[in-house]
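Shared between the two complexes below is chain A, which pairs with chain B and chain C, respectively.
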Partner chain A sequence: MTIQRDITAHIVAEYLPGTPASELDPSYDLLETGVISSLDLLRFIEWLGDRYDIPFADLEISPDDFRSVAAIEKAVQRFAGVTAPE
Partner chain B sequence: MMRWSEEQQELREAIGAVAAKLGADHLERDRTGTFDRDGWQRLKDVGLFGLPFDPRHGGLGKDLLTTVHVLEQLGYGCQDSGLNFSVSTHMVSTGVPLQRFGSSALKARYLPEICAGTMIGAHAITEPSGGSDVMGMHTTAVVDGDDFVLNGSKAFISNGSIADLIVVYARTGAPGDLAGITAFLVRRESPGLSVGSPISKMGLRSSPLAEVFLDDVRVPRDHVVGSKGAGFLIFDHVMKWEILCGFGIIVGEMRRRLERCVEYARTRTQFGSVIGANQSVANMIVEMRIDLETSQKWIYDTAEKLQSKADVASDIAMTKLVVSEANVRSALNAIQVFGGYGYVSEYGVEKDLRDAVGGRIYSGTSEIQRHRLASLMGLNRPVRSA
Partner chain C sequence: MGPPVLDRWGAMSRSLAEDVLARAKHSPDEPALLFGGAGDRVVTYAELVATANRIGAQLADRYPDLRRPLALQSAKSPAAIATVLACMHAGRPLLLASTEIGRGLLADLVERSGCQAVLGIADEGLTHGPGAADPHAAPVLPPDTSLLLTTSGSTGTPKLVPLGAHGIDAFVSWAGSAFALGTGTRVLNFAPLNFDLTLLDIWATLRHGGCVIPVDHDRYVDPRRLLGLLASTRPHVVQAVPMFFRLLTEAGDGSAFPEVRELLLTGDHVPRSVRAGLSRLFPAARMHNVYGCTETNDSMIHTFGAAEAADRDVLPLGSPLPGVLAEVLLADGEVLRGAGTGELVVSTPFQTSGYLGETGAKDRFTVRGGRTWYRTGDVVTRSAVGELALVGRTDSQVKVRGVRINLEEIEQVLQAHEGVTEAAVVAVPHPVSGRALHAFVRPSDDAVTGLRLRSYCAAKVNRAAIPAAFHLMTDPLPIGPTGKVSRRLLLEKIE
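Then we have the complex of A and B:
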């Protein structure tokens, strides 16, 4: 499964139940439209960090990194492999 | 049902034995609002504060479940719930974020003192203008050379007046920006940091509560915990530990209260028989047991899930709600079982209720927990398609 499909599947299952994954456009603004609220975002980042082994709390992140499926995919590619300081 | 190893049980009993010797003067401390430095020293000597922390930095290296299991026994043994509250605050406010997110230099410098209890910890999150609205905080941190400069004020800071180290959450980004909050480790003696007088309150009176003022406080960049902008992630992690450790202690307090009520109901006689023989009294005590065991199950089930890295967003909110509400009900039932003796201060039963009420407010009010659960259920989101 590609990163984009994995992320889309998770977002649809958790935040857009009933929506076919194929209908979620990768550029759709998940934050502005309220699909992912600020409370949800915490939980989503936690999931993403566990899923791709990314220590988000040790990185300088921006809400824009989580604005759309495409942005999330880019963030994963950018941060994956970064490990937390000892 | 949790099964504990011999080692976990021994540790719990060892801490419990010390805890049982504390708090003999808890009623006087409650009356005067005095923190028990002596009791702190005794808990320090037994190594309690280092329970979940890395042995390389002076901790005992125990996992979350063991930590909660041992802390429950502190709550059971020590009648000074203010002291118990201060212990939990100390461990989770500074040690927990430092261990998980701190740089190796910060850990090496501060964790040994946190584990030893020679430096007391607190965190400063809440502000006078907004208790539950963490994202709306006004305290700012601005880069100036090698430092951040902090300005603002923080309210309702547990351990505020006794803390040597404070994790201050401040705004480094635009208001409302989720990645705009940063966590800073600030020393009490930092120029510009001042602490108000202890604030008198309804319960947990022996745990000092104070305001903290930050007036151009310079904090070195290397005292940022985690990265700039990661404060909300750190806060979320700390809250999970705060709820499980703090309310784990409360489960112990509920157990002690239940045993006291059972003992009383089996010895107090009215109209020629023990009051426990009256179904209405027995029912209240049965309710207390159900509240206790339900709370216990939630605490350990959620701790186990968190430890196995499962998603506990809903579980944490439900655990906090269930235990805090159960504690208030249990304390009210105890007063009713004790009757007039429960209502007067001398027996310490009414104090339990005053202490319990705070649990519905700190660590996220009951209303916030319900709101969070509703949000997690998608109730505040209209059905939409992408």
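Then we have the complex of A and C:
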């Protein structure tokens, strides 16, 4: 639950200023609705990688991994503990 | 640059597609497509043409009527490119639909153009979606129509732009000689399949026997991956919009691509800060500022080097392409002589004969001196030495991430929402996307939230046209001196 809350808080603060966090449903499609545009996605992934120590640049990821708060939470859980190949 | 490479069949060729098909006979093993990424995938001319023939046979079987168009909505893949080729070869008009539009918008385009079906690609095979309910309600296409493109309209009404086979042939011939495209030339294609830019980076390349490197830009949101792709595929020619170059120069990891000999900047201004970084990334490239639009294709080009890239605030539009005429019209419709400011009008050998079934937009095309001219909607200035430079749009159109968007059209969509009393949209400069849209909405209903409006817009407009921010207002929107909502006063509300 804390990952979800953390991600929701970041998305609301960065991309939806003025929106109460409680309004953002975990299943809300962030990409289709342009909350996170294709250009923002890079910046978001960078934040997520830093926050949870995940080397996304070296992983096979797809935009679907970042489609909603729920999907992002799953991606974080899936990749947590992965380290960058030397 | 050496002399233009003439292609062996050029003089006798009847059409682009036949030239590509001839390659499959004469140089079957030459690469036609190179998909980069994990395990680079090469598609040879023999393979591409075999796929096109297979798809062409299926289409002939299922859609014997060659006069009514088909639509294709697909990301880039060998089968998608082969499908376009098959339709070009059969003389079958094909509507190229954006993958960024929703079902409602697609259905509207299909209806207005009388498409027989919407083709898609799954597992390298065709899928067939429903066509127009009443195909005979659509206007008859101009007889030479090869492709139907759409203007990057932001809402439910993108205009349909029929492009004739002869105009396309003339354009790809020019591109082939201007950029010395030939066997062994690798050309990066960043734009989606439905963009006019593909006439150069995909179709001129294939026509002249080169190799296209299609980039699925959804998969390349990370500039480090883009740099990796450039490093593994080593293109000679790169055409892209300002955003692409900005991502690359900002990533700036010290890598350089000396193989790139032609760099085409198109779609909008490329800021000097970005241009200044290009010569480090592409030390051997000639750079070109290319101006064009879907209706007329490329019209003007300015070629420049590293010093000019770094020093000039605004690049000129340059010289008209061969056969292109460009003039500047004053507000009273008179042609500007000498220095001054006005709207750019062009007449090109590649242009459409007019929008399909748009009676309301006829004034964009005017006949003067025996030629059809297109009013670009772009304001330009001509300097004392005769150089043209872009100033902006004549109306409320702005570009967001390279997509042309009309603010009033998005306002109309928002105002059509039943919980909305009034709405206005303004554009503010944004360092990455060019412009960011802000919507000011006064709801009549407590249930209206920014997120709900966003979902509502996502179903109706192109993704780039969804406002970045929704401001819900309790008071009426500010009114300017003309009695209309004042965008200027709204802009002041945004810090």
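By our rule, the second predicted complex is superposed on the first by the 85 of 86 C-alpha atoms of A that agree within 3 Å, B and C clash if a C-alpha of one lies under 4 Å from a C-alpha of the other, contacts with A are read in each partner's own complex, and residues count from 1 in each chain.
By definition in this document, a residue touches a chain if its C-beta (ideal position, glycine included) is under 8 Å from a C-beta of that chain, and two chains touch if they have at least 3 such contacts.
Remember, it's a predicted structure, so these values are computed and weren't measured experimentally.
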Which superposed partner A:13 touches (first chain B, second chain C, both, neither): neither
Which of chain B and chain C A:42 touches, first, second, both or neither: both
Residue contacts with chain A in the superposition, chain B compared against chain C: B
Touched partner set for A:24, first chain B, second chain C, both or neither: both
Contacts of A:32 with chain B and chain C, given as first, second, both or neither: second
Touched partner set for A:60, first chain B, second chain C, both or neither: both
Overlap of the chain B and chain C footprints on chain A, listed as residue numbers: 16-19, 23-24, 28, 33-35, 37-39, 41-42, 45, 56-57, 60, 62-63
Sites on chain A touched by chain B in the complex: 15-19, 23-25, 28, 33-35, 37-43, 45-47, 50, 56-63, 85-86
Contacting residues of chain A [partner chain C, same complex]: 16-19, 23-24, 28-29, 32-35, 37-39, 41-42, 45, 56-57, 60, 62-63
Touching residues (chain side chain B, partner chain A) in the complex: 100-101, 103-104, 135, 177-179, 226-230, 232-234, 236-237, 309, 311, 313, 372, 375-376, 378, 380-381, 383-386
Chain C residues touching chain A - in the complex, by the definition given at the top: 38, 217-219, 221-225, 243, 247, 401, 432-433, 449-451, 454-455, 457-458, 463-464, 466, 468-469, 471
